[in-house]
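Note that subunit A is present in both complexes that follow, paired respectively with subunit B and with subunit C.
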Partner chain A sequence: MNDTQVARPLMRLITHVPGVTWVLLMLILVFSSLSGNFLRAGNLANIGEQSVVLLLLALPMTFVIMTEGIDMSMGAVLSLTSVVLASTLVATGSIALALSAAVLIGLAFGVFNGGLASWLKLPPFIVTLGTMGVAQGLALVATDGDSIIVGTQLTRLYTTQFLFLSLPMWLAILSYGAFHVLLQRTRFGTYVCAIGGNRDALTLAGVSAGTYHVAVYALSGAMAGMAALVLTARLSAGHPSAGIGMEFDAIAATIVGGTSFERGKGWLLGTLLGVVAVGVLRNGLNLLNVQSAVQVSCIGLLVIAALLFDGLKDRA
Partner chain B sequence: MREPPLLELRGISKTFPGVKALDDVSFSVYPGEVHMLLGENGAGKSTLMKVLCGAYKADLGQFFHHGKQVQIDSTAAARELGIAVIFQEFSLVPYLNVAQNIFLGREPSGYLPGTIDLKRMHVQARRILDQLGLSLDTHTLVHSLGVAQQQMVEIAKALSQKARILVMDEPTAALSDRECERLFSTIRQLQADGVAIIYISHRMAEVFSMGDRITVLRDGRRMASLMTGDATPDQLVQLMVGRSVDMSYARNFCAEPGELLLDVRNMSASNGVHGVSLKVRVGEIVGLAGLVGSGRTEVARAIFGADRVTAGEIWVCATRFAGGPEQAREAGMALIPEGRKTQGVALTRTVSENLGLASLPKTFPNHLFDPRKARQIAQALIQRLRIATPSPERNVQVLSGGNQQKVVIGKWLQAGSRLFIFDEPTRGVDVGAKAEIFALLDRLVAQGASVLMISSELSEIVHVCDRSYVMKDGTIVGHLQRAELTEERVMHLAVGQGSI
Partner chain C sequence: MSYDANLMKARLGNLMGPAFYRVLAAAALCVALALVNDAFLSTNNLLNVLRQASLLFLLASGLTLVILTGGLDLSVGANVGLSACVAGTVMQSTGSIGLGIVSGLLCGTAVGLVNAALVTVLRLPPFIATYGMLWALHGVTYAYMAGATVHGFPPAFRTLGSGYLLGVPVPIYLMTILLGVGTFLAQRTTFGQEIYAIGTNPEVARLSGVPVRRRLFFAYAASGVMAGLASLVYLARLNSAEGDIGEGLTLPAIAAVLVGGASLFGGSGTLAGTLIGALILTLVLNGMNLLTIHANWQPLVTGVVLIAAVLIDNIASRRTESRA
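On to the complex of A and B.
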């Protein structure tokens, strides 16, 4: 690699300096001054681990939003796949089988969402709001609202350390890397950007935009299934309401990270920072004993703050 | 002639519901030739382009490539034949970089399936850009480029597809003189390489300096194909104008216009119009003619206060006007936009509701809505404007285009408007409704209103207006009185041939 190649992403980072960086820095400053425990290594590791599920959701959410769409069903699909995963695990004892079942169910929801949004041209918000209800309902019906406790097998996997990091952290790192490669170096990623940016151009180039559009939602569903593995392991149970509201956090992290609902503008590193910002906020508020409902309000404010920073920057 | 043409179209026809967009058009282009395509707005140029690139399928007609019959029934088929089209709205993706845009849909494959060989893509993009003499960085995101550079990226994209037939739709419309020169030298270079170029333009200077052959379309038909050397500007204008439709509107032309209602003095605005001066007097219908993109709508928006005026003055009824749409309404102006269904009427609301919409504060000063009073007002307007509706309570949606337009006019009449600015008042209405709308305009001005009318149809300007301004490139280039108002003169001014 020569200098310019190294310098380019760095320059881009500096010239961008997106709102999310300032927001994140501010949050860290505030919480480290308010709580002595915030900057302890144990707590930082905690933030990282708590953010894994959100990252697994926010990465595909970034793609969905880049196509000028949205996936409201993500949290509900996460709940449902978590329940599916737990019950399959209890029944068969095979983690691989359980994960496959969860990912497949997620995939099915994603294909359904994408099919309606892309081929039937229904508004993604409405479509995914509908499937959100469907998935949430199924999760509750299948369990009668109870948790499905899984054995220690999954918990052991969750806490396994490998090269200084826990397995969920490795999963997060690998996923981020995979999404980065997808966006930067594959046709799929290029076309995700083009679907939001100029769908006609893509169609005129002879690409079946519809197929890729569906694939984006399919990926979103499948990743919800993947996230279900981490969530279930962390809770040692599949719970039918565990994922409620997670789509909100995922959308928030994506928007805070600078991805736009227009013209296919998306930024994965921003999403990563957005996830960390949401994680820091939740963790910090927990340390300060702020109740969970108030945390949701704070995340909402976070989104507005980040947009405000970007808006001010644009005007400057 | 020498070898068979690179591409030949024979007897192409294309009909849309209610319109024959192309009628038996034949057309050919040879390698290394620049074939100019001329025509008035709506003459069928865009449809022909869409047919060429496979976006539309011709109803009738044949295509020959190197003398061999071929089908163009999809964009892929057109690409296969080496046809590339550069539209005015670019087919670029804003947040992809130059190389990604050039190779969109044809990215060089990497080792793994679905991956892109980025290095090769950028090297190849570099090579094409070098060929065009462009120093652009292939990593630059397209949204950060200027219009001219984006256009070069479009050309690079076409070349990368090994295009042998390049179709360009008014490529200089948004370029500065220097950028134009750059484009022309690129075109000459392509020509030397044997690329055939189909070039749509309104600018006479370009047509004569760049073209080898010229084809003129009018009303979807080919009027003539000429060698540039055999053509004169006058002759081309003659061929372009002269709609076949009968145009005998009842119009009592205004012999003695009244007081000055609108006086625009040397106005420039943020939307690109500059140095515009025009006057409208009571009792007049004044035309604002020009080609699509010449800045007519922008003038209307600036006058109305929808876009910011940066220089000059607007006087309404001898009062200096400065302000937004609300002040414009109070000053008695009404802007009736082109998008009737999106901006003019609320389609899913009733005739009565629509008619009352602009005058609610006036009709109901104490903020309480009185349905009976609203219905009375609506009834009166329906009678006065002869709006054909089964009842005031029907949704505007079910009305014909002409009657919808009357609802829009009625809405503003009720608000006390005296100066009506119409943007394409007859877009999408049938011939009968057109006559009726013009009869209504005639009555309006007779009763003391005045009208500034934007129209792309020369025949309307010529037959309806008391006088007309002609726009080109964001400014007014001519002012024709009733006696001098002919389609030829308007067209000459609009394409930049000077006055005759």
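On to the complex of A and C.
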């Protein structure tokens, strides 16, 4: 009796502020107390730079998850497109051509994923798990497992400053803006919500839901190609395993951000905060000299905690 | 068409159902490989194929149980990795085969219990809970091994993976026992029928008095136990273990289950089907080996086989629906 009376206002406070805000605050608190370097301006800028690739992946992943789907192939497609980008760049010397090739390959994978998931109604999880193998295999076969080193041309682009921010940061800001407008102000965004919520109603209303559904996956693939530009520039090389596991970070950021698998409910700002949370976690653990593989474990725990928290909210 | 002819056709259809086509596909693969490469039909190679298939089957059998309930366990590969590393290090530091085996099985079971608790007690979606576990286990394995490799185990232990009994590799016996016991459990007991019922419709199953959460708990725990067992056979076969040992095992295991005809939506599929699925996948990979195609192609081919299997099933079930 007494417990519930105390618990109720507390629960109300917790449920009114999105969970991801608490997660982010807690992570910042923990890392700033554990490491003196965490809150330095240089490190904070670092977190931003390191989160760009993840944001470019998590934005389309949010759309995909909103349609009650998943894109397991994203990391492998990122690897493949980074290899394509690097080899095209080495062969032609044109960044524009290399980027187009990467985006086109990503788009092709996306359309394939979306086509099977939407038109043939195959489970997205299995389809994208299959294409994950295909993309991973292609990247390995094309490179024989080696890196493709790109010249300083791309690295220079990566570090170019424009109005106080680096070009990748601008790319992240523009992408976020574009996805926000897409979700809030266009028919496409409305349909993305509806495909997850009630696809039958959409079809009955005469909308070709299938086409929009494919477009969601196509966007996911194309954005992986776009992210490959930033990743390749950061590593100064295309590598067949560069993107392995990135889909997990993207899914984690989306879920921690409060997008739900079940209700067609998505929150783009939440995804942005989720990306920052994952970025802060990785950066903080880096400062504490924690291995990358162990960092991934922590992200796994973060996801499970976020899901538990969501469940708690639903029951409250 | 007369009634009799229709009945005849229906019976023929049952006989030539999905399982039949799978066996046919496996047989066709064998014939093709025998024609392409003389080495394929050598006793050594055939036993090798069966040994590989039984390894995959051990891992895929627990997964089949989970998929039958309409769930998923993405952590099986990572579980094999951790369990193999634990078993390997324990065996080396204590010198006791028994302790090594027990610790490997315990580790696999513990992971299974965590999955089971996440899914049934905390009620997380199985896909995301076990996916989170996959990465968590990878991390734990890396931290535990710290880049080291353990290798060189007692011959008695290695028998489990690479030994022979009456001329037949030991893993094949394990596979046969498991297939027998599992098929009996699934087809002839109330427990098995309850698993199918949960996969078909959990709500209906619950209303009919099936203890849904207890059965689900068992399924995920069993998947962990099987991963622990598979890790021992795997370890005995490889004779070494390192941090990344389980990577790349989950995709083939899922592919084996789905190529074997189980539905990802639950409620349909058999262990025998999974065995055929494991056999088909192993034949494909063995064929690539014989044709000296580089191992880099393996994820690509596994992915294509996976998509093809799901696609063919989908088209076949649509044709049956439209005929009905």
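Miscellaneous remarks
In the analysis below, the second predicted complex is superposed on the first by the 296 of 316 C-alpha atoms of A that agree within 3 Å, B and C clash if a C-alpha of one lies under 4 Å from a C-alpha of the other, contacts with A are read in each partner's own complex, and residues count from 1 in each chain.
Keep in mind that, in the parts below, a contact is a pair of C-beta atoms (placed from the backbone, for glycine too) under 8 Å apart; a residue touches a chain by one contact, two chains touch by 3 or more.
Keep in mind that what you see is a predicted model, and the values were worked out from it rather than measured.
When the two structures are aligned on the shared chain, A:288 is found in touch with neither subunit B nor subunit C.
Shared-chain residue A:261: touches subunit C; no touch with subunit B.
In the superposition on chain A, no contact is made by A:173 with either subunit B or subunit C. Once chain A of one complex is fitted onto chain A of the other, the partner contacts of A:26 are absent, as it touches neither subunit B nor subunit C.
Legend: residue contacts after superposition of the two complexes on their common chain; A:137 is shown touching subunit C, with no touch to subunit B.
Ranking subunit B and subunit C by residues of subunit A touched puts C first. Once chain A of one complex is fitted onto chain A of the other, the partner contacts of A:194 are limited to subunit B, with no touch recorded for subunit C. Residue contacts after overlaying the shared chain place A:299 against subunit C, while subunit B stays out of touching range. Within subunit A, not a single residue is touched by subunit B in the first complex and by subunit C in the second.
Of all residues in subunit A, those touching subunit B in their complex are 8, 181, 184-188, 190, 193-194, 196-198, 200-207, 263-266.
Residues of subunit B touching subunit A in their complex: 53, 55, 75-76, 79, 90-96, 100, 104-107, 110, 114-116, 118, 139, 143. Chain contact summary for the complex, subunit A toward subunit C: residues 70, 116, 120-123, 125-127, 129-134, 136-138, 140-141, 144-145, 245, 248, 251-252, 255, 261-262, 291, 293-301, 303-304, 307-308, 311. Within the complex formed with subunit A, the subunit C residues making contact are 72, 118, 122-125, 127-129, 131-143, 243, 251, 254, 258, 264-265, 294, 296-304, 306-307, 310-311, 314.
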